[in-house]
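Next come two complexes, and both contain subunit A; in the first it sits with subunit B, in the second with subunit C.
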Partner chain A sequence: MDKTNIVARTGNEAMAEAMRQINPDVVAAYPITPATEVVQIFAGYVADGLVKTEFVPVESEHSAMSACIGSAAAGGRTMTGTSSQGLALMAEMLYIAAGLRLPIVMADVNRALSSPINIHCDHSDTMMVKESGWIQIFSENCQEAYDNMLQAIRIAEKAKLPVMVTTDGFIISHGMERLEILSDADAKAFVGEYKPEYYLLNFEKPITVGALDLTDYYFEHKRQQIEAIKDSKQIILDVAGEFGAKFGREYGLFEKYKMDGAEIVIVAMGSTAGTAKVVVDGLRSKGVKAGLVKPRIFRPFPKEELAESLKGMKAIAVMDRSDSMNAQEGPLALEIKAALYDAPAGSCRTVLSYIYGLGGREIKLEDIELVYNDLSEASKGKAKPKVSYLGVRE
Partner chain B sequence: MSIQKREKKPGWKELPEGDLIIGGGTASGFKTGDWRSKRPIFLKDKCIHCLTCWVYCPDSAIIVQDGKVIGYDYDHCKGCGICYHECPVKGKAIRMISEKEAKAKNTVIAKAEGPKQP
Partner chain C sequence: MANLKDLSKQKALFTGGHRGCAGCGAAIVARQVLMAAGPNTVVANATGCLEVVSTIFPYTAWNIPFVHSAFENAAASISGVEALHKSWVRQGKYDKKVNFIAFGGDGGTYDIGLQSLSGAMERGHNILYVCYNNEAYMNTGVQRSGATPKGADTTTAPVGKIKKGKEQFRKDLTEIMAAHRIPYVAQSVVGNWRDLTSKVEKALAIEGPKFINVFQPCRLGWAYDPEMTCEIGRLSVETCVWPLYEVLNGQYKVTKPKEKKPVVEWIKLQGRFRHLLKPENKPLLDDIQAATDKNWEDLLRKESLTPQVKTPELKPS
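== the complex of A and B ==
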C-alpha cells in the first residue's frame, strides 16, 4: 500500500476527491445547496483534465438523473450529486434507474424538504426516496463519506443497483475535518474497471432497455429487484471487508459503539452518531451502561442484524432526523420496531422515539444526555412519552 | 365451457435482470397486426413501384422483392394508412378497407409469397 495522504477536507471536497479517483465515464448534475460543491469541484477536475469524464451540465435534476440513466444503460460508469428538492425532482427517475438495475452512484447531501423552505440538514429528502430501490448509505463524517463513495461504486456494479451515499448538509458537507486519502493508485485498483454484462453500446450483443411490462411480466421483474436488494447486504459486507483488509478502516451494515455490557442504547444515523459517541464516553466514565448503534446502511435495512445487536437492552431510543407524517413517528423508529417484533421472544419492548434536528435545528450534547437520562428512567420502569420532539420550542 | 390453457411464461429467476430483452430485431416476433382496424389492399395493376410506401411505412410492413412491391406483411401492419396517404399514383395503388369488411367478405389478400420475414 502506498503512503496515505492526510489532509483537511470538507465533506463535499472529500466526496469530490473520491469522484476524481473513481474517474467515472459520465457525470450529469445540476447544482443545489448544500451539494453544489461536490459536482462543482468535480467539474473543475474535468476542466483541468485530471479526469476523462464527460460532464453533462443539465437543466434540472430530473434531466440529470435521466442523463445518468442513459449513460449507465449505454455502459458508462456514471455518477451524480444532489440534495433535497433536487432529489425530490429526481424521484421519478430514481425508480427507473433502480428498476433498470443501473449502478449509478450519487453523492446525496441531506437537507430538509420545503415547505417551509430551508437549506439545512435533516433526513426528510433521503427518507422520501427510501422505497425507490436505491441502496442508501449514511456517513457520520468526512472520512466515512469518502470511504463510502469508493465502496459504493463496487457495491453498485456488483449488485446491479444504484447507490446513494449521504452526508449531513453543512454539518458534514461544509465542515472541515481530518481526512485520510488513499493514493490514486490504491483507489484506482480498489474500484477496478466497470465491465457490464449487457450495455446498449455493445453492438455484438444487442439489447432492448426499458420495454413495456404489463400484468404478465412486471411482477417478475419487481421480484428480481426485491431479491437484488436482499442480496446486496452480503455484497456491502464483502466490499467493506475488502476495504478494511486493504486500508484498515472497518465498515459493516451498522456500527456498534460501546455496546459490550450496554443496557440503554441510542440508535441514530449520520453526524448525530458522532455527537452521541461523546455523550456515551462521558456516561461510561460515570458507570452508566450506555451504548450506541449507528446504522450505516438504511437500504437494505439490516433487520435481523440490528435486532440481534439490540438483544438484552433494557431501553432503546431511536432518533429520527425526519418525521413520517403518519401521526406516529419517524422512519427509523418504525423499522427498528418492526425488526424487534420479529426478533426472538424476550427482546426489548421499551422503545422511545425522538424526532430531532428538523431543518438543521442543532442537536447538542445536552440533548443527547437528556435522551440517555430518559432511557435510564424508562429502564427502571418509569413511563415516558412514546414520541418526543427533541429541541422544539413548546 | 372450456378453460383456455395458460401459456407458460418464464418465472422471475429465468428472466434477464433489469427488464432487458436480449438480442436484436425482437420486435419482429411481436405480432402487432391484430391491433389493425383498417387494412391496406394492394392494387397490383396500379402500382408504379416508386417505393414511396416502403420508405414511409413505420413498421417495415411493405414487402419488396427485386425492387418491386409485392404486398404487405399483415402480421406487423397496424393499418395506419400512411402508405395510402403517401401513394403518389393518381387514384392510389392502395385501398384501405375496414378489417370488419375484410373479414366479412373474406377478401382475398394479395399476400406476398416472397421471402420470409424475419
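== the complex of A and C ==
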C-alpha cells in the first residue's frame, strides 16, 4: 500500500474524489441540492482531462438513469449521483436497472422528499426506493462515503446489481472532515478492470436487453434477482474484507459500538450514529451499559446478523430518519422487529421506535441521551410509548 | 443506394415471426430502417407495439444488439449507449463504427418521451431517432396521442352522441425537431421503401443527432384491411396529410406528389374516420382539408425560403 494522503474534504468532495479515482466510462447526471457538487466537481475533472469519462449532462434524473442503463447495458462502468426529488423521478428506472442486473453506482445524498419542499437531510428518499433492488450502503462520515464508493464498484460488478451509497445531506455532504485518500494507484488497483459478460457493443454476440417477460418467465427472472440480492451479502463482506486487509479500515454489514456487555442499545444509521457514539462513551464512563448498532448495509437487510448482535439486550431503540406513513413506525424499526421475531426464542421484545430529524431537524446529544434514558427505564419494566417523535413541537 | 433486389437478399436484421398484427406498418419500418443501416447497429426501443411484438422472451426478432428499458426514454437510453462508445473510442478500447438508432412510437416520442428526445437532440449525440408514427397509443388499445389527427376516433377521445372524436389538431413534431437545428430532420412513410431507406442512409452518413418521423398506418387502430397498409401510407403523401420532406442543415426539400388528392380519399379508407363521412360532419371534414392545405402551403413556403440561405456545414459535436 502506498502512503495515503490526509486532507480536509466535504462528503461531496470525498465522493467526487472516489469517482475520479474510479474513472468510470460514463457519468450521466442532473443537479439537485445537496448532491449537485458531486457531479459538478466531477464535471470539472472531465473538463480538465483528469478522467477519461464521457459526461452526459442530461435534462432530468429520469434521463440520467436511462442513459446510465444504456451505458451499463452497452458494457460500460457507469456512475451517477442524485438526491430526493431526483431519486424519486428516477424511481421507475431504478427498478429497471436492478431488474436488468446492471452494475451502476450512485452517490445518493439524502434529502427529505417533498411536500413540503425542503432541502435538508432525512432518509425518506432512500427509503422510498428500498424495494427497488438496489444495494443500499449508508455512510456515517466523509471517510466512509469515500471508502464505500470504492467498494461499491466492486460489489456492483460482482453481484451484477446496482449500488447506491448514501450520505446525510449537508451534515456529511457539506461538512468538512479529515479524509484519508488512497493513492490513485492503490484505488485503481482495488477497483480493477470491469469485464462485462454480455454487452450491447459486442457484435460477436448480439443480445436483446429488456425483453417482454410474461407469466411464463417473469417469476423465474425475479427469483434469480432475489437470490442475487441475498448473495450480495457475502460479496459485500468479501469486498470489505479485502479493503480492510489492504487499507486497514474495517467494514461489515453493520458496526457494533461498545456492544460488549451492553444491555440497552440504539440502532441508528448515517451521521446520527456518530453523534450517538459520543453519548455512549459518556454513559459508559458513568457505568451505564449502553451500546450502539449502526447498520451500514440497509439492502440487503442483514436480518440474522443484526438479530444475533441484539441478543441479550434488555431494551432496544430504533431511530428512523423517515416515517413509513403506514400509521406504524419507521422502516428500520419495522425491519428490526421482523428480524427479532424470527430470531431464536428469548430475544428482546422491548423495542422502542423513534422518528427523528425529518427535514433536517437537528439531532443533539441531549436528544440521544433522552433515548438512552428511556431505554434504561424501559429495561427496568417502565412502560414507554412504542413510537416517539424526537425533537418535534406538538 | 441499394436496389430492391439487393435489399431482399440481405440477411433480415429484423426477422419475421414477431407477434405484430398482419399488415403491421411498425414492423415494416423496423425492417426497412435496419436494411438501410446494416448490421453494425445498436437499437434502443421505447415501450410500445414494436417492442412488445418483437421481444417476447425467450424470443427476439432483433438480429442486432437491442435494448428496451421503458416508455419515455428511448432517446436517453441510446444516448447512454452512444456515450459509452465515444468513451471507449477515446480510450482506445474500441474502434468499430456503430450506428445508434432509437425507435419510439408517437406516444413515446410526441408525448411522454418528448423531454428525453429534446434533451438528447440538444446534447448533440451521434444518434438517429426514428418515430414510427401510427397516430395513437396502439399497444394499450388505441388511445389518443399528441399525434392523433383531429376527428379520429380513439378510445380516450371516442366518437359519441355529442363528441366527434379528437377535438384538437395534432402537433407538428417534425417542425419541433427542426427547431432544434440538428443537422437532419425528415418525414417518411410506410409504403415508399426507397424514400425511407435512402433517408436513413443519408441520416446515418451525417455525424450528430438526426430525426426521422415515419408515418405508419396501423390496421388495428386505423381500422382497415391488412393488405392496405402501404397503399394508405402512399395516399397519406398524395393527399398531403403527410408530406415527404427533409430538412438538411436547415434547408427544406419537399417531395411533391404528382397530383394533390383530396383528404377524403385517404379518410374514407379508415374506420377511425367513418363518422366524418356523415353529411352532418361535412364542416369538420372541410376543416381538416383546410388545415391540410395550409400546412402544405406553409411547408412549400419554407422550402422556397431556404434554398437561397447558405447555411454553414454543421460540424458534429
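Keep this in mind: the second predicted complex is superposed on the first by the 394 of 394 C-alpha atoms of A that agree within 3 Å, B and C clash if a C-alpha of one lies under 4 Å from a C-alpha of the other, contacts with A are read in each partner's own complex, and residues count from 1 in each chain.
Operating definition for what follows: contacts are C-beta pairs under 8 Å (C-beta built on N, C-alpha and C of every residue); 3 or more make two chains touch, one makes a residue touch a chain.
Predicted model, so just to flag it, every value in this text is computed and none were measured.
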Kindly classify A:Y217 by the partners it touches after superposition: subunit B alone (first), subunit C alone (second), both, or neither? both
After lining up the shared chain so the two structures overlap, which partner does A:M176 touch, if you call subunit B first and subunit C second: first, second, both or neither? neither
With the two complexes superposed on chain A, say which partner A:P206 touches: subunit B (first), subunit C (second), both, or neither. both
Contacts of A:C68 with subunit B and subunit C, given as first, second, both or neither: second
First, second, both or neither for A:R101, with subunit B first and subunit C second: first
Look at A:E59 in the shared chain and tell me whether it touches subunit B only, subunit C only, both, or neither; answer first, second, both or neither. second
According to the stated criteria, A:E92 is in contact with first (subunit B), second (subunit C), both, or neither; which is it? second
For A:A338, decide between first (touching subunit B), second (touching subunit C), both and neither. neither
Residue overlap on subunit A between the subunit B contact set and the subunit C contact set? 100, 206-211, 213, 217
Contact footprint of subunit A on subunit B as seen in their complex: 9-13, 15-26
Which subunit A residues qualify as touching subunit B in the complex? 99-102, 160, 198, 205-211, 213, 216-217, 219-221, 223-224, 227-228
The answer for subunit C against subunit A in the complex is residues 39-40, 42, 44, 51-52, 55-58, 60, 62-70, 72-73, 75-88, 90-91, 94, 96, 98, 115-116, 118-120, 122-123
Quick one: in the complex, what on subunit A touches subunit C? 25-26, 28, 52-54, 56-60, 62-64, 66-76, 78, 92-93, 96, 100, 200-203, 206-214, 217
